[in-house]
Amino acid sequence: MSELENKTEHGSVDGATEGAAEDPKNDTGLGLGVIFFIVAFLICFLSGWLLFPKLLYSKHEQPFNFDHALHVQETGDCESCHFLRDDGTFSGIPKMASCLDCHTDEPMGETRDEAIFASEYVAKEREVPWYVYAKQPDCVFFSHAAHIEAAGMDCVTCHGHIGESTTSRPYEENRLTGYSRDIWGKNIWGIKKNSWDRMKMDDCAVCHKEETGHQGYCFQCHK
Amino acid sequence: MKVDRRSFLGLGLGAVAGIAISPVGAKLTDDSSIWTQNWPWTPVPPDGKISYDHSVCSLCPGTCGITVRKIDGRPVKIEGRDTYPVNNGGACLHGIAGLQYLYDPCRVTTPLKKINDRFEPISWKEAIALAAGHLGRIRKNDQAHTLACITDTDQGSVAGLFSHFMTAFGSPNHFVMPTLESWLALTAQTLHGKGYTLGFDLENADFILSFGAGILEGWGSPVACFKANSSRKQRKAKLYQIEHRLSTTAAAADRWIPVTPGTEADLAMAMCGVLLTENLFDSEFAAGFKGGFNRFNAMVQQKYPVEKVAAATGISAADIKKIAIAFARAKMPVAIPGKGRGDGAQSLKEFAAVHTLNCLTGNVNKKGGTFIKPVHDYLAFPDPVLDTAAKDGFGKAKLGASVQEMVTNINQSADPLVTALFVYNANPCYTLNDPSQTRAAFEKIPFVVSFSSFMDETAMASDLILPVSTFLERLEDVPSRAGLANSVVGLTRPVLDPVFDTRSAGDTVIQLAKTLGGDMARSFAWNNYRACLEDVAAGVWEDLSGNGYALLAEGPPTDSVETSFAFLSDNPQTIYPQGDYALTLVPIDNMRLPGTVPAASPFAIKTVSDRVLKGKDVCVEINPDTANGLTDGGFATLTTPTGSARVRVNFNEGIMPGVIGMVKGLGHTFDNKYVAGKGVNIHELISPVIEPGSGLDAACGTTAAISKA
Amino acid sequence: MDAALIPEGAKRCSFPKFMLGIAIVGAVLLWGVYAMLLCWFKGLNQTNMNDYYGFALWIWADLAVIAIGGGAFFTGLLKYIFKVDELKNIINFAVIIGFICYSSALLILAIDIGQPLRGWFIFWHANVHSMLTEVAFCLSCYFAVLTIEFIPNILENRQLNKVPFFHHLAHNMHGVMAIFAATGAFLSFFHQGSLGGVAGVLYGRPFAVREGLLIWPWTFFLFTWSAAAFGPCFTLLVTRITEAVTGKKLVKDNVVHLLAKISGWMICTYIIAKIIDTIYWATVTAPGIGFEMSHFYTNNSFYGYWILVTEIVICGVIPGILLINKSTRENPTLRLLAIILAVIGVCLNRWVMVLQVVAVPVMSFDTWALYIPSWQEVATTILPVAYGIILIAVTYRYLPVFPQELELNKSKAQES
Amino acid sequence: MIQDKKAHKYGMVIDLDKCTGCGSCTVSCMSENNIPFKEDESDKKDSITWMRVYKLTNGKSFPDTQITYLPRPCQHCGGKGDHGHSPCVSVCPATATDYGYDTGIVSQIYTRCFGCRYCMVSCPYHARYFNWWDPIWPEGMEKYLSPNVSPRMRGVVEKCSFCYHRYQLAREKAYYDGTHEIAEDAYQTACTTACPAGAIIFGDLNNPSHKVHQIVKPDPHPDPLNRDVVGKSRNPKVFRLLERLGTNPKVYYMSEREWVRKLGDNYLDGEWEKVKNHYGAASHE
């Protein structure tokens, strides 16, 4: 920064002394230069901070609102729907078959969302194309079993309080990388306040280092 | 106010500075690298629940049990099924690559009808109607016997349905492609009577004398053979390999005995002679010898003296005797016939002579010996309803003893001997020697119906294709049929819904018969193939559907059998390589290249050595001693009485001087850039020679010349 | 047309003639750029590299340009640290050549990697055990140093120098150049060395592997030494070529002789070390892991003993002797021969240490692998050459690169 | 939390006398690990086969010539002294390949690799392959790809991982079941389970109850003839490829045939006779 300022400073000196093309007494060159600098700086600085994140991410609404709080209340816990299979793999977002353990194509409640669910998906035997906030890229092997069963971690540590949400927030996807915004974090610099604000590899490594004394070998979490 | 360059400088610097301390640079640098990590054109396989399905592979006659791993119902991997009585874990490369066949670029995805030499898609309804219309007319014109049918085997319920169809339709012309099993059955029939086949207890034998049988190149049930070989190494059981080339089997053998190609039958006869002269045959078993044993003895002594055979085979007389004696003195000796994979052109004389060695040792129907097994018919088809047309037609004479003979007869006759032809799971336009003859015969047949999963050479030569689901998409019983000691029938089960608009051939045949109506329909009363299978295989259905297989017979057969020497006593002619060239061209069976149906998968082709296939050129093996003026890796022209081909030369110290080896399974001409258009189909270079006595093609080689191209 | 930019008193060819020359070389440059874009957009399948030849022409070119670009650091070291003052007359040019060589090396590396957009991982996720990491860091830092060393020369342009700030900046930078030269020499020592280490640490490759000192294999020191020895030869060679093209004498003979002499002694000492290294490797290191020396030079159609003899004797011992001997050194023809041989020698050494390393079969049942580069590889390798020619042409035209130019040519003018 | 009390050292022993060169291991590997294929795969220097089967000959003329097959996965070298500095791991500038001290398996992270190919140059076994081409499957065929192994993009290096994803799955199952050990048969590579000849045996070289350990009987002490070599087999029929380089592979080979064992490494004239009966430190005791 200082270098740049120096340059402009000296540039003005240069202009004043050289004075081949301009009137040496005319200061507007410098003044305009500075004004242009400030204006351009502000525009670029602000767009970099404010506009760029908006442009970088595309927003998608979920197929319909999902009331986590209600479902947790009804089923009791997260594991009723998001469970470990018998082979230790994680079931992830429930398939229609799980929903049909309780639901039918007749709505149980009166919400518009459930009506959409019943008519568009249950009746038509289609899986709901949920956007997955916590979706990791293909190169990642994440073992829920290791974290839940072996380390005894709770869901909130990584997923936050999604279980208390009553509506589905829009899914934001990085246009360039296809990553969910939750991976990098809401903050454009990736600064986090809570453990669930960001899910990059560094976050895994930090926790692993703290909990196991070693950040882990590559293959532990990569495939 | 003047906007000068200083203003622009300010503008530019401001912009740069503004961007520089915003997150844009860092974020875009990071994101662009992440973009390369997730390029949208690199597929991401969807994850899901893992499940496993048991089934049976029917790509070859080996019939191994397989386990298919699926992700949310989507098959992703085939592996050998543990505790399956044939392969018991482990699988061959073709089975493992089986999923590639599902999505093969050459798959026939819908029924196709040929119009002006081009295939047009039609609906199943139209296709069945078209076939039924054609067949109906034939039948109406009392030409039922002019319908011919070629299948890969005569065993199992689908082949049974074709057979049932032919009988009900009224044609005796159901032909089976020459396979190891068909040769073994013919051998057993020739020596022991109808209804028998041969099995070899390689798992327990302590001395295997192989007459070119490629037990490590796909002979019999490949995985079972590999396992037997491994256990042989542990048991220290001997393997002597008599072959013109250091094949993988020869390399694994305790002894490799190079032999002049085409003289194996003579060698076996001479060895029989040694056993007889040295009185090393089992007199107890000889009690069951019928049909001119003494005549055979005399003939062998006279026609196959060891010295004479030594000159022909290139094996010293002393060695012939030593080997024969070692064989006879072994506790559990087994002699196995069938050069290479044992399919295609072979010689009944050779099979019979080799099996006679087994009979002489008496190690028959004993553990570690040769099993003369009754063909276990676990299927009970109802008798077809025969109307007059059927009775008339079925009573007519068959058009030959083999597909090859039928082809020859069609080509030689001025009359239309065959007016319609079914081909199921066979590719005669590629696998028979001199396939141009087969193609010419097909040209003469007005209506060829191909039941094929792939657009192979035969499908291309047909008029109507009724596409068949692959072994992963269909239900079918698959009896083991490849010289195994045990008799097992497995159940191929659909592990996914058909990817394309294809059906099981069984369903198509039933549908066709129903559409033909009348007594034909009455013979096919089942609603569909599944119902048919449950009905005709009722005896074993519980095991089949429960375990996925049924064990029909285990261990040595207990029946006593008679042995007739009538065929060999007449000293049938040995078929030597034809023509006047100085060298001999012989086909090589390579485990990584299937020779019949289906053609190789892309994975299989990928594993083929660059000493076999280089770019689009096949490499022929030749001993450097024989390679006058040729260079290793260089181009050459290979000429036989039948044709010539441009090939590359591969110097191999492991092949007899005077012999040129060329791999089978290349030179396909269909439209699949991964598999076809590579190398030469060796069958194009060999003309068939019908062996008297068997009626089958016995030309498993030809004379040839090779010169620098 | 561009007279205002040309150094005062210097004679240059006409602008159209200059542009014609630039256009011709520029066409070659564009060809290279096209090939480069092909490699970036279609991937490295555009090359004839394969799984045996992970390193090939490009890595050779990289190592070679860095070796011959070694003239910059070594001349700088001599000039600024050892205070060999005569060398101020060639230091500018040495720096420019170094700048060209190093920027070319970075460009080639950017083409050579399979994922150029991830290139920065080498810094961000650096593996400190890897010689290549050391190379990347030192190379980038040294390139920055070279840029800084180049800047004063640029600021000496007639128009730029009129700006007082630039004038003072240039002047002050000259004053502190010793620090940069020292930094450059230090960095160069490491990256030249680590480029040698790249081959020397390959203990799976018997042709490359060398024992050494601590973590550094002998090739580490040999590469540094050879760059210092042969780099100045390249500086002299390019100077000679520039003189031939411009038809002017640009550097005084005493400077050339001095640099040639230093280079000669460096070559001689290097080649002795190299011979000892080769003998030790051939008689102790390689046989210790089961390899006769003949294994590396027979049974293939290209790599024979000739390459060893050429590298060490013809292009090592001979130029060394020619350059330390006063009479041959001061004979322009023999000197030219010596520096050409020397440049070939060091390039050949880098070739051998990259390509022969991977050509030699290691598993007893493996075979020799030979390779011919694709046109895309050749074009992208020529690209830096074209770029170098253009940059030299431009700098020569507009910058006072050779302090003695005016003096040498004025006197000539006066004489005639 | 399951902590491995003792580090594993997964390794393999391949019985070359049983191997028939059938190619099942190669294809099983390709199918398991989503390895692509091209129109022409006959240029073996540009053909990705993590498990490559070499054909070796004794070099004699007819009729004394002999052949054997040698399957070559990644050797998962422990590096000099078995300290984890494998030839490739030590040279990768971006830590895209590391040595798992918990398993002895050498990883390859495709998303980290930026394609400098230094690791390929460092590997004398040619076990590493570069994705010169974009992986393209014929239309529809990408449906058989397995989600357990990430398909590689163009421009990165790949190699055999000892089917690490199977280890990951076995660990998940162990976590779920609350067991603390992964049984020998719970983690087997795709080539091992596919081999119809039963020629490949895989397991933990550190675990005396595992078959590999029993066959190989690895010598825990450095070889007195070459201190870089650790884990030399005490079985006279077992050898490693290029053992003398000190790469310390975890893939062992077994053969009754002396000429086959001799081809495993390079020897000066007459040297083989001197060392052929040397089986590590043990043979000096």
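Read from first to last, the chains carry the letters A, B, C and D; within each, the first residue is number 1.
Heads up, the rule we're going with is that a residue touches a chain if its C-beta (ideal position, glycine included) is under 8 Å from a C-beta of that chain, and two chains touch if they have at least 3 such contacts.
Everything numeric here is computed off the predicted structure, so don't read it as measured data.
For chain pairs B-C and C-D, the one joined by more C-beta pairs in contact is C-D. Averaging the CA coordinates per chain and comparing them to the mean over all protein CA atoms picks out D as nearest.
We define each chain's centre as the mean of its Cα atoms; on that basis chain B and chain C are separated by 62 Å. Chain geometry summary: the mean Cα position of chain A and that of chain D are 39 Å apart. Chain A and chain B have Cα centroids lying 56 Å from one another. The set of chain A residues that touch two or more partner chains comprises 87, 89, 137-139. Counting only residues that touch two or more partner chains, chain B has 32, 35-37, 44-45, 47. Chain contacts: chain C has residues 115, 118, 121 touching two or more partner chains. Those residues of chain D lying in contact with chain A across their complex are 1-3, 95-103, 105, 107, 109-112, 148-151, 161, 164-165, 168-169, 171-178. Contact residues of chain A toward chain D in the complex are 84, 86-89, 137-139, 141, 143, 145-146, 149-152, 211-212, 217-220, 222-223.
Of all residues in chain D, those touching chain C in their complex are 43, 45-47, 54, 56, 70, 80, 85, 87, 90-96, 112-126, 128-134, 153-157, 241-242, 244-247, 262-269, 271.
Of all residues in chain D, only 17-18, 20-24, 26-28, 30-32, 34, 37, 39-44, 47, 49, 53, 55, 57, 60-63, 65-69, 110-111, 134-135, 137-147, 150-155, 190, 193-199 touch chain B in the complex they form. Residues 1-4, 6-19, 21-24, 27-28, 31-32, 34-35, 37-38, 40, 44-45, 47, 49-50 of chain B touch chain A in their complex.
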